[in-house]
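These notes open a run of structures that come right after.
You will see two complexes here that share chain A, one where it goes with chain B and one where it goes with chain C.
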Partner chain A sequence: MMLTQIIRKFNLLILTLFVLSILSFLLVYLFPGDPLVNLTGLENLSPEAHQKLAEIHGFDHSYFYQYWLYLTNLLEGEWGFSFSSGNPLWREIMQTLPASMELSAYALLFSLLIGVPFGFIAGFQHYKLSDYSLLTASVVGYSIPVFWLSLILILVFSLQLGWFPLSGRLSLLYDIPHQTGFIFIDIFLSDVEFKNDAAKSAVQHLILPTLSLTIVTASIIFRLTRRSVIDVMSSQYIQTAYTRGLSGLQVVMRHGVRNALLPIIPLFGMQFAVLLTNAMIVEVIFSWPGIGNWLIQAIFQRDYPAIRAGMLAVSTLVIILTVCTDLLANLINPALSGDRRAQI
Partner chain B sequence: MALLDIKNLTLEISGSTGWMKALDKVNLRIEEGEIRALVGESGSGKSLIVRAIVGAIPDNWRITADRLTWRGRDLLTISRSERRKIMRSEIAVIFQNPVSSLDPSATLGEQLMESIPRQIVADTWFWQRRKKRLQIAIKLLHKVGIKDHQKYLHAYPHQIADDIAQKFLIACALVSSPQLLIADDPTRGMEITTKIQVLKLLSQLNKTRNLSILFVSHDLLAISSMANKMTVLYCGQTVEDGKMVQLRKRPLHPYTKALLDSAPSFRKDLPPKSPLTTLDGTIPTLQHLPIGCRLGPRCPRAQKECVKVPELRHVQDHFYSCHFPLIREKE
Partner chain C sequence: MPKFNIYQEEIHPSPLMHTWWEFRKSHIAVLGLWIFAFFVFLVIFGPLIAPFDPLLQNPNAFLVKPSWDVSGSIRHLFGTDSIGRDLLSRLIYGCRLTLGISLLLVVLAMLVGVALGAVAGLTQGVRSSVLNHLLDSILAIPTLLIAIVIVGILGVGLVNSMWAISLALIPQFVHNTREVVRTEMAKEYVLAAKLDGAKNTHLFFYSILPNMYEMLVVQGTMALSIAILDISALGFLGLGAQAPAPELGTMLSEGLRVAYKSPWSIALPGSAIFLMVLSVNVVGDGLRSALRNRLQR
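On to the complex of A and B.
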């Protein structure tokens, strides 16, 4: 049963990625200009070189053959070159994507740490003053535009108070070689002298962008949790659990918490996609060297190969994460895993 | 003293059209050791009475009563924890829909074992308690007629059939040796053999443990084989109340008569192949309640006076509320 679940999700994943690769391949033709240039990212070619490239990429064959070559290249990490920098796209993405993931992951972590407990408090205090106050706060947090919030945070905490740096990921004093792309791991792996100071600087740079992202996401998670808690606590099995003689605390701990969390875990996974989108905006404002910032630059400069590759990378990441949380949610939820209504 | 005594219980639900009286001056009394049946059409408010008794009523509903007492203690004014304590040890309840009464994410075994009160296992060391609980759970399951306990203790609620869930809930209810068992439609959708099993089990518990039972059901046949007393509910009003035998022999309220007539096996004088005499129409919704006697629009005996709510009257211990009861026929 568990295995079929995994296989089913895996099929879904492969299928979606397949469709995604077709779409990105179509972009080669849909973007203005020479498809071959869009595909490889190599400009100003001599006629002979152009001829040779067309042969390599199967441009004298059918579209299917071209797509096949495109797919094998993708899998081998040959994603073409950027117009603007001339660097291989795969390498650029591998440098920027971890920075975005890092930012989103911390934001998600803090959103969960804030949203879930407050969601439970509000859900249990349903219709009371504390519930209404938290709900109001969440509406405010939810409706503030991210870019505006980021600018306000910069204005107050960087420019006025000077507590946190304005932009970037690390003070320029420290030169950490790129290894994994995750800053704390890289600092740890590097052999610079002032590891502690570097880490401290990294934390300081991280706080404001994380905060901007956390406020919105925590509001959403708060609302999801609160709703779920209210639904579960008014459900019949909770009422019955009281009449079965359990104390209030026992009912909440044994039946409330688990049932409230189970249905919303996949929704948390989906928040990651929203978070990544918001992170792109925040990256631009804070000059965070992530994929969002990189992608926006690519769009400004009409760097078609980079746009194509960046979109492919981001959507692949989102899909993998969504499918994984979905699978996880199914596996830990006994009412979903296994055959439904297989009566014994 | 009666175990449970309800006088003029009124329950109002706020809806789009304002407050609706879902229960209107309901009376119900359960003595020690008796089985009382609560009958009425679907939507007449039987489950609401059950929920009002156990306190599973949303905060935004309005509940009032002249009396709602359990062994002399007023259930409406005692604190929440006091009330819970009573529910824990003295009243057991089986709600209508068995599967939704069980936590979908916990196994049946966990749920049954956690219902076993601590005092029952208090005389053992804590590492022996799990085993002791398991033994008690298995014994209870056998008692309610679940033989294959291995299979069910580790099953989740969505994996079991409805009648197993029902029996399982009876087992949960019996854990604390209650004095009153409230069973809301415990035989719905059961096969005839399992139904007989459950009914037998309940009567047996009534006899051996002196367990009082409030038996809510549509199933007149099942009721007549078990109950001593019967309360008939129509549209949130108690229309008739009395001893089972009396009610069967000579119903006073037109609704009770129609209800009994709709179950053919109740009438011995029925000529073969005669049409069923039941009431026209259907039970009104809460938004469109008639004034006065709520049976009015459907009642064959209705007259002008019926736009006033009939008083509760009685002949000895046989209560009814109707302006034109069926006694006059005889005169």
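On to the complex of A and C.
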């Protein structure tokens, strides 16, 4: 049973990735300009070089052959070159993607730490003052446009109060060589002096972007948790537990928490995708060197190979994460099936 | 003997009336509805109210402060921006553009989504299965990400971003319609209609669709808040509406350049977006709990 689940999810993953790769291959032809230039990102070629490249990429063969070559190139990490910087796209993506993932991961962590406990409080205090005030706060939280929120935070905390830096990921004083792309691991691995100061600077740069992402996501997670807790606490087995003479705390600990959390864990996983998108906007505002900032710059500059590669990378990441959380949720709770969309 | 009570009129309110009564019980939701109605009023009658042309530049009034400031003037209620355009007029036109387009997109996405969802729900077999699986994987991707992808392909611009967002909104409508059609098809009143010889199209329009209106309205409010946020986010990033157009997100990013001198030029468009989304969300919340209360009784 479990094995079939894994195989089914794996099939879905492969199928979706296959469709994505076909789409990204089609983009080479859909974008304006020479398909070969769009594919490789090499501009201003001499006719001989152009001829040679066309042979390498199978442009004198059928589309299927071209796609096959494209796919093998993708798997080998040869994603072409960027128009604007001329660097290999694979390397650029590997530098920017970890930064975005890092930001989103911290924001998700804090959102869970804030959203879930408050969701439980509000769920248990259903229709009381604390529930209503928390609910109001959460409606405000997820109605705020994330770009406006970041601007306000910048205006208040970095321009007025001067507590936190305005933009970037690390103070320019520290030169941390790029290794994994995750700033704290890089600082730890590097052999610069003042490791502690560098880490402190990294934390200071992280706080504002993480905060603006956290406020939005935490309110969504809060609402998911609250609804689930309310539904569980009004169900019959909770009533039964009360009639068996268990105290309120015992009922909650033995029956409430587990049953309320199980159905919403996969929804938390889905929030990561939303978070990544919001992170793309926040990155632009805070000049965070992540994939969103990079992709939007690429769209501005009509850097077609970069747009193609960036989209493929982001959507692949999102799909893999979604399928994995889905699978994980199925393994934890096999009873779960069918409709699992967000109900807030 | 009571004489006047000859008409023992019994009221049989429709489900819609019930929902409305439940909705009215929540004062916050009604307030949200009023605010939303105000914005819709701006969308329709904006040009009649706005004191100036939103693109008219007044070279004598750069960065005039709002009227509540000591150095402000009542001529420009919310002040002017860096090239002397009246902010109040721009805000009114901005609400008109942002909310109007979002409403349009949601209606468009709803029509297409419901049509596709009905087809997906009424058919069985391979066709339905393929459609469903593809849909489920698309649903996992946030709308803004899809919109950015589509804008990346089509190119920057307001019309392109409109296409992108309406395309990105469609999957949720398809999904929900499909679910509703599936569950309703298993119910007995549909079976009765089937036994009367109703075809699939007849079944959908006369039996299932009347039971879907409320779900569609709730789903529509959610889609509307997403659409407003996405349109303004794309405008803010410079991928959507372009600079002189009075779109709220675009105005916000324009105001950014003079933010240190005139904080109100980013405060006002931002709070307009915020208030708009807030009212839509409050109305949506109120509707959802009204529906829940009605069904629980």
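Throughout what follows, the second predicted complex is superposed on the first by the 334 of 344 C-alpha atoms of A that agree within 3 Å, B and C clash if a C-alpha of one lies under 4 Å from a C-alpha of the other, contacts with A are read in each partner's own complex, and residues count from 1 in each chain.
The rule is short, and it goes like this: contacts are C-beta pairs under 8 Å (C-beta built on N, C-alpha and C of every residue); 3 or more make two chains touch, one makes a residue touch a chain.
As the structure is a prediction and not an experimental result, all values here were calculated from the model.
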item: More chain A residues in contact [chain B versus chain C]; value: C
item: Partner chain in contact with A:V318 - chain B first, chain C second, else both or neither; value: second
item: Chain B versus chain C as contact partner of A:M270, first or second or both or neither; value: second
item: Partner chain(s) touched by A:S133 [first = chain B, second = chain C, both, neither]; value: neither
item: First (chain B), second (chain C), both or neither touched by A:L262; value: first
item: Which superposed partner A:P145 touches (first chain B, second chain C, both, neither); value: second
item: A:Y242 touches, of chain B and chain C: first, second, both or neither?; value: first
item: Doubly contacted residues of chain A, that is, touched by chain B and again by chain C; value: 341
item: Of all residues in chain A, those that touch chain B in their complex; value: 127, 234-237, 239-248, 250, 254-255, 258-259, 262, 333-335, 338, 340-344
item: Residues on chain A engaged by chain C in the complex (per definition of touch); value: 12, 15-16, 19, 27, 30-31, 136, 139-140, 142-148, 151-152, 155, 159, 270, 273-274, 276-278, 280-281, 284, 295-296, 298-300, 302, 307, 311, 314-315, 318-319, 322, 339, 341
item: Touch list for chain B against partner chain A, complex; value: 54, 56, 58-60, 84, 87-89, 91-93, 95, 97, 100-107, 111, 114-115, 117, 151-152, 155-161, 169, 172-173, 175-176
item: Of chain C, residues touching chain A in the complex; value: 28, 133-134, 137, 139-142, 144-145, 148-149, 151-153, 155-156, 175, 179, 225, 229, 232-233, 236-239, 249, 252, 256, 259-260, 263, 266, 270, 273-274, 277-278, 281-282, 285
